[in-house]
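I've put the structures underneath this note.
Same chain, two partners: chain A is paired with chain B first, then with chain C.
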Partner chain A sequence: MLRGHQTWVFDSKPIILSSAAVGGPFEAKGNLAEDFDILHEDLWLGQDSFEKAEKKLLEEACEKAIEKAGKKKEDIQFFISGDLMNQIISSSFTARTLGAPYLGIFGACSSSMEGLALGSLLIDSKAAKYVVAGACSHNAAAEKQFRYPTEYGSQKPPTAQWTVTGAGAVLLSRKGEGPRVTAATIGRIVDMGISDPFNMGEAMAPAAVDTIETHFRDLNIDPSYYDVIATGDLGAVGHRIAADLLIKHRMKIPSKIFTDCGIMIYKKEQPVMAGGSGCGCSATVTYGHFLNRMRKGELKRILIVATGALMSPMSYQQKESIPCIAHAVSIEM
Partner chain B sequence: MLRGHQTWVFDSKPIILSSAAVGGPFEAKGNLAEDFDILHEDLWLGQDSFEKAEKKLLEEACEKAIEKAGKKKEDIQFFISGDLMNQIISSSFTARTLGAPYLGIFGACSSSMEGLALGSLLIDSKAAKYVVAGACSHNAAAEKQFRYPTEYGSQKPPTAQWTVTGAGAVLLSRKGEGPRVTAATIGRIVDMGISDPFNMGEAMAPAAVDTIETHFRDLNIDPSYYDVIATGDLGAVGHRIAADLLIKHRMKIPSKIFTDCGIMIYKKEQPVMAGGSGCGCSATVTYGHFLNRMRKGELKRILIVATGALMSPMSYQQKESIPCIAHAVSIEM
Partner chain C sequence: MSSKKNKKLTKAQQEYQAFAKEREPKRKVFRNIFRAFIIGGTICTIGQGLQWIFIEYFDFTEITAGNPATAVLIMISVLLTGLGVYDKIAQWAGGGTIIPITGFANTISSAAIEHASEGYVLGVGGNMFKLAGSVIVYGVFSSFVVALIKITIQWLGGM
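Right, the complex of A and B next:
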């Protein structure tokens, strides 16, 4: 099971029976609109707060994934989820809706792959037959909590990123058909002393590189093994830094297979500065776009490296730098 | 591995090689002072913020547990931890200090047993040789974040609880000597519509009862199997409600074995209203007091049922009720 220092190899190759992605109006205008199962015209999703709208995104993603697999809520043995809200209320309130035993996680934007890794471990170790793993974020809820309410119209530097309004979920199983989770590399904290919350990409890039290098060393394979290696939400600035660092470390990943969910999700003309971010970024792009391409036969092996900036507004105010992490999960058809 | 609906049985019985508990000045005056490895006279722990003091509690608990097992930081393959702070900064910054691959979790005050359950799963499934699981809370940091800064001197009703200033950690292993983790029941959300954040005990009691009943049903054993069944932090009000509910559900747990960490930790004359609470409550009482008694041969089998109120100040302001959860872990000598 444990290979090398930090990588789990799942011998039973847990199956992603189904997956779902739900997005907001801004995502509907993006590059990957066709890969969403549900797209909302209303940023509020008919709710009276952005926080409740975020919860609804996650509820819908989970319910859609369960429906697509032909299962019922009662079939789900464990629900694993995380988000950016204080005390991960979006995940916990969704757990109430689903009624399944619940493991709350927090890895900031890396929560998507932390959940997929843990969910796969539960399936592989026979601790569960069916697990739903999910993650979500909401642009306006995140702005309100981490920066300023969007109504203030505060300006941002070009290194800043746009939190994705979206949720993604997968239903994992021991049996059935679908893409399979083959390995997961759990990251450690990398903190290069950066404390600028408007430059998360730069802060997180070294963590992504650390986990990518560890993944290949632990498994003794090289990047050509994969059709796509995608970081979660480094954005244009962070992704370029990660690519440069990998070259410095003499790890060659061809640029045509090395991409980033935060760069892919929006169109160039959308005003998202360096690109998308948030728990919902890697969750929707992976569980929507990438898994759809795998099911169509366009991709056979992908590695998703979701990165997380594990700071809080409080730690920033107290002049702490940003501890970053990245978890990588390998999915094969 | 999976027994019944929600219970994991660990065939290899992961070993708690060592454990440590660290507390503050108020805990030093409590009932269980002798069971702490480190007690601080200074609520600030020499730091310039309560949040940094909370992190230091957890760092010390982890380092002490590693030292007591005769291990080094480099031996630890995974660190699993959660706390009450927004974005669990105490755990994430401790992960930076430890340098180990890190899985952040959030289950409010149930985080202690969520971490112990997941850590045991990692050991049992051979996903790790050594895991450190921890949890922490700090009275003044929690008051500041969830209620009012302590300097305001705001009054509280008798149902309110006192957040423990403390951290607990265990080092789990496949081999060695010590108390062993035999099973874990992962809870589901129980929400009875209570929304008063000054009466967490009442809100959490039904979740504790749900998990206790599930544990015994899944394992087909009865309460007499254990020498102690301790809830995490229901306090005097919540624990009485849980006891009443169990009687109503025709589950007899003798009162001499049914206790609560939040009732045990402080003396009667300490002004803690209904008792202790916080992630550090069940973590210090279990990883200090109970494990010490097991090592002395006074207890053979214990069941710790840590409860969590998965709300946030925001969800409360938005008139949501409190979704509660409880995770139970069985430890045997």
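Right, the complex of A and C next:
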């Protein structure tokens, strides 16, 4: 079970029975469009507010995941979810729709892997037979809450990132076929004193490096064990810093297996500055793209390191620095 | 970064920030200044043109033509904000679209659009001046201070 200081090894290897990814119009034009189950042309998803649109993304992802596994809503014993909205309303309102016992979590953009780790823990400890873990974010809703009105004309610096409009969900089970969750490393808060919310990648990179190093130390394995090691949403800026930090710390991760969901999700010509971010970034790329590739047999073992910046718009105005975290989950076929 | 701010940071934090700074893309300051000059100048030229039109074709003087010219610029800015174009121009233009009156109109209209989902009273009404409010507060206050200084100088027989 507990290995080292921060890592859970799941002896029963909980199975990801099914997974689903839902995206918005900007994601539909991105690199990984074919890995989404549902893509929306309308940023509003036919709703009258961005917040309701975000909730709908998560509802659709959960319902799709349940449907793909051939299950019903009633079969779900626990629903674990997180998002970026105040009081995690998207997750809670989705839980209202699902009607399943619900554990709401907040790990900012690391919520995706926090949910997957906790869900796997429930399955592994025989506390549940079926668990749905999800996470979502919406570009305009996040802009509205954390930054400026969406139509406000301010110039973003090259280090800024684009919040992904999307939701991902997985259905975990004790029995069945599919990729299996083998281990999870729960991260510590790392705060390097950075307070610029337009430079999240730089703020979060040390947290990702800390969790990656801990994961390999706790499990006593080599990075080459994995086919892919992907950080959640460091973007081009943060990913480069993380890669260089790892080299500085003498941790050898081959550059061809070390990637970042925030870099992968969009095309180079899309105006996203340093790349994608948000709970939906690691959730859709992992539950869509990576799991699809695992099922096709292209990948055998992956490590997803979802990074989160645990600040609020108020803490930033009060000149607090940004506490960051990263959770790593290992998935094997 | 100021040295005062640096003092609060631990050595490891300072080291990391220096390490990261070398690896982050720099803001293209000169390109931004140039673009701000072009777009800001273009907006002002349009304003000047409008003023000229109002003087030439309508019954306005050089002093009274300023108001309708400003109003037209505000209307164009609000329209472009509503159509979702203004923020895209601003990303290219930087300071060029913020400083003129069009930027002010954009802050108010974008906040009003954004919070329409929370209703007309608490949403639109309550949030419309979220960004513009501080401009109004400090604009009014500083003009009050300037007026006080002027009156004092006049009272002392200066002007």
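Here, the second predicted complex is superposed on the first by the 333 of 333 C-alpha atoms of A that agree within 3 Å, B and C clash if a C-alpha of one lies under 4 Å from a C-alpha of the other, contacts with A are read in each partner's own complex, and residues count from 1 in each chain.
Basically, a contact is a pair of C-beta atoms (placed from the backbone, for glycine too) under 8 Å apart; a residue touches a chain by one contact, two chains touch by 3 or more.
None of these values were measured; they are calculated from a predicted model.
Trainee: After lining up the shared chain so the two structures overlap, which partner does A:R240 touch, if you call chain B first and chain C second: first, second, both or neither?
Mentor: second
Trainee: A:L310 in the overlay: touching chain B, chain C, both, or neither? Say first, second, both or neither.
Mentor: After superposition on chain A, A:L310 lies in contact with chain B alone.
Trainee: With both complexes superposed on chain A, which partner does A:D218 reach: first (chain B), second (chain C), both or neither?
Mentor: neither
Trainee: In the superposed arrangement, which partner chain does A:E51 touch: chain B (first), chain C (second), both, or neither?
Mentor: In the superposition, A:E51 contacts both chain B and chain C.
Trainee: With the two structures laid over each other on chain A, which partner does A:P271 touch: chain B (first), chain C (second), both, or neither?
Mentor: In the superposed model, A:P271 contacts chain C only, not chain B.
Trainee: Taking the superposition on A as described, I'd like to know which of chain B and chain C A:G99 touches: first, second, both or neither.
Mentor: Touch partner of A:G99: chain B, not chain C.
Trainee: A:D35 contacts which: chain B (first), chain C (second), both, neither?
Mentor: Neither chain B nor chain C is touched by A:D35.
Trainee: Intersection of chain A residues contacting chain B with those contacting chain C?
Mentor: Touching chain B and chain C on chain A: residues 48-49, 51, 191.
Trainee: Contact residues on chain A for chain C in the complex?
Mentor: The contact residues of chain A facing chain C are 48-51, 144, 148-159, 191-194, 199, 202, 205-206, 237, 240-241, 244-245, 248, 271, 274.
Trainee: So in the complex, which bits of chain C are touching chain A?
Mentor: That would be residues 8-10, 12-14, 16-17, 19-20, 23-28, 32, 81-82, 84, 86-87, 89-91, 93-95, 97-98, 103, 106-107, 109-111, 113-115, 117, 130-131 of chain C.
Trainee: Which positions of chain B touch chain A when the two form their complex?
Mentor: Those residues of chain B that touch chain A are 1-2, 5-6, 8, 48-49, 51-52, 77-78, 82, 84-89, 92-93, 95-96, 99-108, 114, 118, 121-122, 124-129, 186-189, 191, 310-315, 318, 320, 323, 325.
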